[in-house]
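What follows is a group of structures, each given as structure tokens.
Each of the next two complexes has chain A plus one other chain: chain B in the first, chain C in the second.
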Partner chain A sequence: MKQTVTRRNFIKGSTAVGTGLILGAPSILSAAAKQAASDEIRVGFIGCGKQHEVLFNAMKNIPGLRYTAVCDIMKDRVGGAASRMKSTFKLDYIPTRYIDAEDMLTKEKDLDAVVVATPDFWHAPHTIMALEAGCHVYCEKMMSNTIDGAREMVRASERTGKLCQIGHQRRSNPRYLYALKELIQRHKICGQIVNANGQWNRAVASSRDIGGDLMNDPKKRRILPRDSVLKKYGFKDLHQFFNWRFYRDLSGGPISDLGAHQIDIFNWFFGSQPKSVMASGGRNYFKEREHFDNVMCIFEYDTPEGGARAFYQVLTTTSSGGGYFESFMGTEGTIEISERAAFTNLFRENSAPSWDPLVARGFIKKGAGTAPAAADSSAIAAYESAPPDKFMLPGDLNKPPHQPHLENFFASVRGEAKLNCDARHAFESEAPIYWVNPSALANQTITFTEEHLSV
Partner chain B sequence: MMQLQDNPGLRTFSVEAMHTTFTLRLDCADEKRAQEAASACFNQLDAIEAHISRFRIDSDITRINLLEKGKSLLVSETTHACLLQAFEAQAMTAGLFDVTLGALTWPDGHGDDGARASDAGQLEVDPTRPLVGCVEPGRQIDLGGIGKGFALDQLSRTLTSYQIDSALLCAGASSILALGPHGWPITLSGDEENVPFELKARALSASGIGIQGAHVVHPDSPSEEPIYSFKRVWLAASNAALADAGATACLLMSDDEIEAFADTYQNEMTIYAEDIDSTEARRV
Partner chain C sequence: MKTDAAASKPNSDLGATLGFLLLRLWLVVRAVVTGIEKFAGSTTSDVAVNIDGAVNTYGLTASEGAKVYGLSHYHGVPAALYDKLKDEPFIPEAMLKAYDVVLGPALLILGITLLLGIATRISLFLMGLLYISLTVGMILLGQDSGIAWLGIHVLMVAAALFNVHHNRFEILNKF
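Presenting the complex of A and B:
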């Protein structure tokens, strides 16, 4: 019999709960299943800022990791990261905290792997240091702020025989892998891909300087690195420490920060490096910044199927234009793909063979609102107007975007997988990106030679 | 009272997020500081949405909704904090606010991820760490009734860190948070009558059946259309998450229940309601 409540007990501080959501931590809770201690991968972290948080959230549900040491030149961040690890996993120890990466790598003799999420100009020194200390490395992209730094990373990885995964996480994303291997390569649903197009448009309101909350509050000054520490680690001042992405000596700017992920996809999907780049950029809004605030570039490719051109733009002054995605546009169809599932679409050219057989076999899905098919091909179907056919990928990734790439890294450390983006492959893909800013600065097309693109 | 028109110190920033428009009105003479604070807020909002939106296939909420029996998931601290806040609201409203019931209003009873909503099943949230477990599948979390208010509370902390202590933050027209020593002029908009209201250092949330229709599920009869006593409810509270949840719950209350609720929380909350057969709002 259904009960009807006519007057509820609204008791302050009540711990009474309704159905469905209960508190408590009984033994059923078993996230990140415990691995035998001897099988655990001992992980250290260099860099505990925003990107560290992203990676940590993506690692939380990967089993078999022992969070051993953390390092950042900002003490507050190191303490926060170590405390978060201890409380999240209910550790009976606290990861050892360091200010200096070299110090950490010298003292932590039993580290198996290091995750590097520092500013770009520290990627090469930290990665090489860790590889030479005998650790496998997961390093955020861009490999380095200079192409020579990236070259050194490849050489160090190959010299030491240690694994070095670069954080182009789309390379492990099932949606990207499926689009490339099943749809483009196996079923050739795009036909001949003649063009690619990619963009990352970010609103001006989201592109302002950061760190002002800490820098301008005298009470918080004590938690920030002192001037001597900043100088020791290559920062002129606190503004550089927080906004290193705006400075030419410390980073590659927006084309590297945002564009690297997507230009990597061009090179990966085309299976080749471009033969030239023509770029244009400017400081049209953020005039005080060293890097361009908007860049547009065209890469030319010789692919096995023929020539192709890829256009890419990164804008930090507008979110207009549909967010961030990469499109591969062929004679029979287009795959528009993004790390955001909502920006992923398939378009069929009217003249292309029907995709219905692919739908019937489950390789792609037809979306809602699809026009009904004619009963047979000898008649023309008549019905109220309907939108054109809409097609979608059949499945999706329901993990944080970085998780599969980290899983691939740790599985490779265990010898159970092969890296999806080792240093050499990452270099081959990243090398053309290092030439975008020079092309724009010189206002000239750069035709690539082996010297431009090889280690 | 804060002057909204012709106030050169008041700077307004807007962004689309969580299926609505967030507007920040910052009382800050320093334009650069205001811009940087708004930028930090918008980036924070983006991160919050990525964690708690059920429309994102890779969000914590989607992954919780897909948990199998006996499985558990470590989620972000943001999601955990929001779930605990929802749980507090659930206890405060004696179960009328329940983030696992909103899913029953999803079209066809399915989420975008294909997971089926039901009023059976049980989830567990560990209060000491960001761990969520599925005891019995079926429950689907939808933070639509609390997420925007939760986000406003988080943004207020960011603004404070930028030393901006006077501001009005709005998520659409239904979740509003006022910061600082000034009162902000708000209108409680009814069908025909408007009630002027001064919001000072508090949050105000509006819930109603006029625009979104029947979007609230009663926990005692989840499969039935609720019998509404009110067309609209406005609830002012100390934080925006509880104001959101409280207003949603009040919409499901009878006259007796809302009186008892208002009486219990008379020092913490202010409630206005527009009766189902009335055109003007009254203080409860």
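Presenting the complex of A and C:
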């Protein structure tokens, strides 16, 4: 008999916390039964909002997919998504439209894979439903709004034997893979990395409440879900429906929405989980919101080379300060990397061995100039180090940033690849993030135990 | 045997003839090549990056640009200048559009007629007017160096007209 998972019984059942941290290879990395390469993968979508559009646009160039079904509690979005698929691929059919995910998974018996792009508090229920319906799942990050939800996703994936890729798309980005495997691990251009530094500074204009144009227009309001539908799916009202990221019961806030991508890179590049977090946060501008709009945190790591510290800040009030990037600072060099090539730079410490041989062989490119130095020989300049030389990665990504991660997922479904970010690895990387807000709220350092970080 | 009188006749002066020819050719090259460049554009393609003598396995790519010519790339007035001139009250947009269409072909036609020696005087005169029309735009945009630069072009056209009687190579010398 098929087990039905609703959000309510999911939450009730997810309180047991497993133990046993596994940092090694995950148990399930590629589909057990290899499909014929010519077979189309039948894909369903749960959630047809903005992130769905991002993923769909990244999937458009991936061959061998059959867009079978779409689901969202807002009818207008479902219709729009189905029409977009029909027109984009000139389909001779229209994907079947659903309002309820459980209904879709019950009726669509031949789905191979499901893409989940719903609000964070629905990620775990939808992912587990889909896994238990026999589908492989690509789920957007953050895995869940709660660490227990994330744990349940790992267990469900391993219990069902189905693939579950989490949308930390940088893990499949050639630039990130190259920086880690070639420059840090093989050529060790950074020397000993002692510090990581990351930030996402988002302008206040991009952080305001959304949905007002629809909610306040009587004509447009008709296309929005009714109160009974909103309540059924866990939203108190339309404001929550559009702005679920602002509410503690529905999301992890900016440290989760934005920071999860980058703190994941800290853990991935260091190859370990942090041993503690110390955080500070506040509602310095958006005072009415439940989540902090300004969060800073420091993670402490034990790495094979020695200790390291990582500082991360997320602001939803200003875009200045260099945008968004992750920087790995070592005794011989620094890799400052971002999804945006413009924010990516390599710096060689003046005292480090020459990188000219690497340039000559094409591993890196010489950049324009050096890092800024003091303009004159004033007293302050006398204390400065010589400015590091600037270099660049040898190439870029010529696809939408999510495409390689989705390609990796569908190749894994076909049995041709291994997942780059399966649920277990994603959990190990995300687990420390769940403790940032508690640390900031309690204004104290949290020293991690196995219980904090394990499934 | 050459007489003194014959040697002093300007239109029999080989140096003056060659000098005019050089001036004419410079003006031809200036007009024709500039006209051709109005049809120039670029295409970019992404190619896999070679690292250590082999194509990288990560999927890193680099954009490679190539210069190409074609009608689809035509741009009479460069886009940056066009946008600025569009805001000038003295230049109606319809006139600017027409000028944009005409400029490239006009440079090519005048350059070719001057090269072949077809109505050399009229060709030079029209070329001078064309450079003056460009000067108007430069004045409106306050581009002093451009004004001086075009002024030199007009002086060279005028010098060619003054010395056109030294022209020896032409198809149609009626005008």
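Methods note: the second predicted complex is superposed on the first by the 395 of 455 C-alpha atoms of A that agree within 3 Å, B and C clash if a C-alpha of one lies under 4 Å from a C-alpha of the other, contacts with A are read in each partner's own complex, and residues count from 1 in each chain.
Keep in mind that, in the parts below, a contact is a pair of C-beta atoms (placed from the backbone, for glycine too) under 8 Å apart; a residue touches a chain by one contact, two chains touch by 3 or more.
Since we're looking at a predicted model, the values are computed, not measured.
When the two complexes are overlaid on their common chain A, residue A:Asn57 makes contact with chain B while staying clear of chain C.
Within the superposed three-chain model, A:Asn216 lies in touch with chain B and out of touch with chain C [touch as defined at top]. Of the two partner chains, neither chain B nor chain C is touched by A:Gly322. Residue contacts after overlaying the shared chain place A:Asp396 against chain B and chain C alike. Look at A:Tyr178: by the touch rule set out above, it reaches chain C but stays clear of chain B. Between chain B and chain C, the partner in contact with more residues of chain A is B. Legend: residue contacts after superposition of the two complexes on their common chain; A:Pro404 is shown touching chain C, with no touch to chain B. With both structures placed on the common chain, the touch criterion links A:Ser206 to chain B but leaves chain C unconnected. Contacts of A:Phe363 after superposition: chain C is touched, whereas chain B is not reached.
Judged by the document's definition of touching, chain A residues 396-398 lie at the interface with chain B and also at the interface with chain C. Residue ranges on chain C touching chain A, taken from their complex, read 46, 48-53, 56, 58-63. Touching chain B in their complex are the following residues of chain A: 2-12, 14-26, 28-32, 57, 60-61, 84, 87-90, 203, 205-210, 212-214, 216-217, 340-342, 396-401. Remark: chain B residues 13, 15, 32-33, 35-40, 42-43, 46, 55-58, 62-63, 66, 70-77, 83, 86-87, 90-96, 98-101, 113, 119, 121-131, 133, 135, 139, 158, 161-163, 219-221, 253-254, 256-257, 260-261, 264-265 touch chain A in the complex. Taken in their complex, chain A has these residues touching chain C: 174-175, 177-178, 181-182, 361-363, 393-398, 404.
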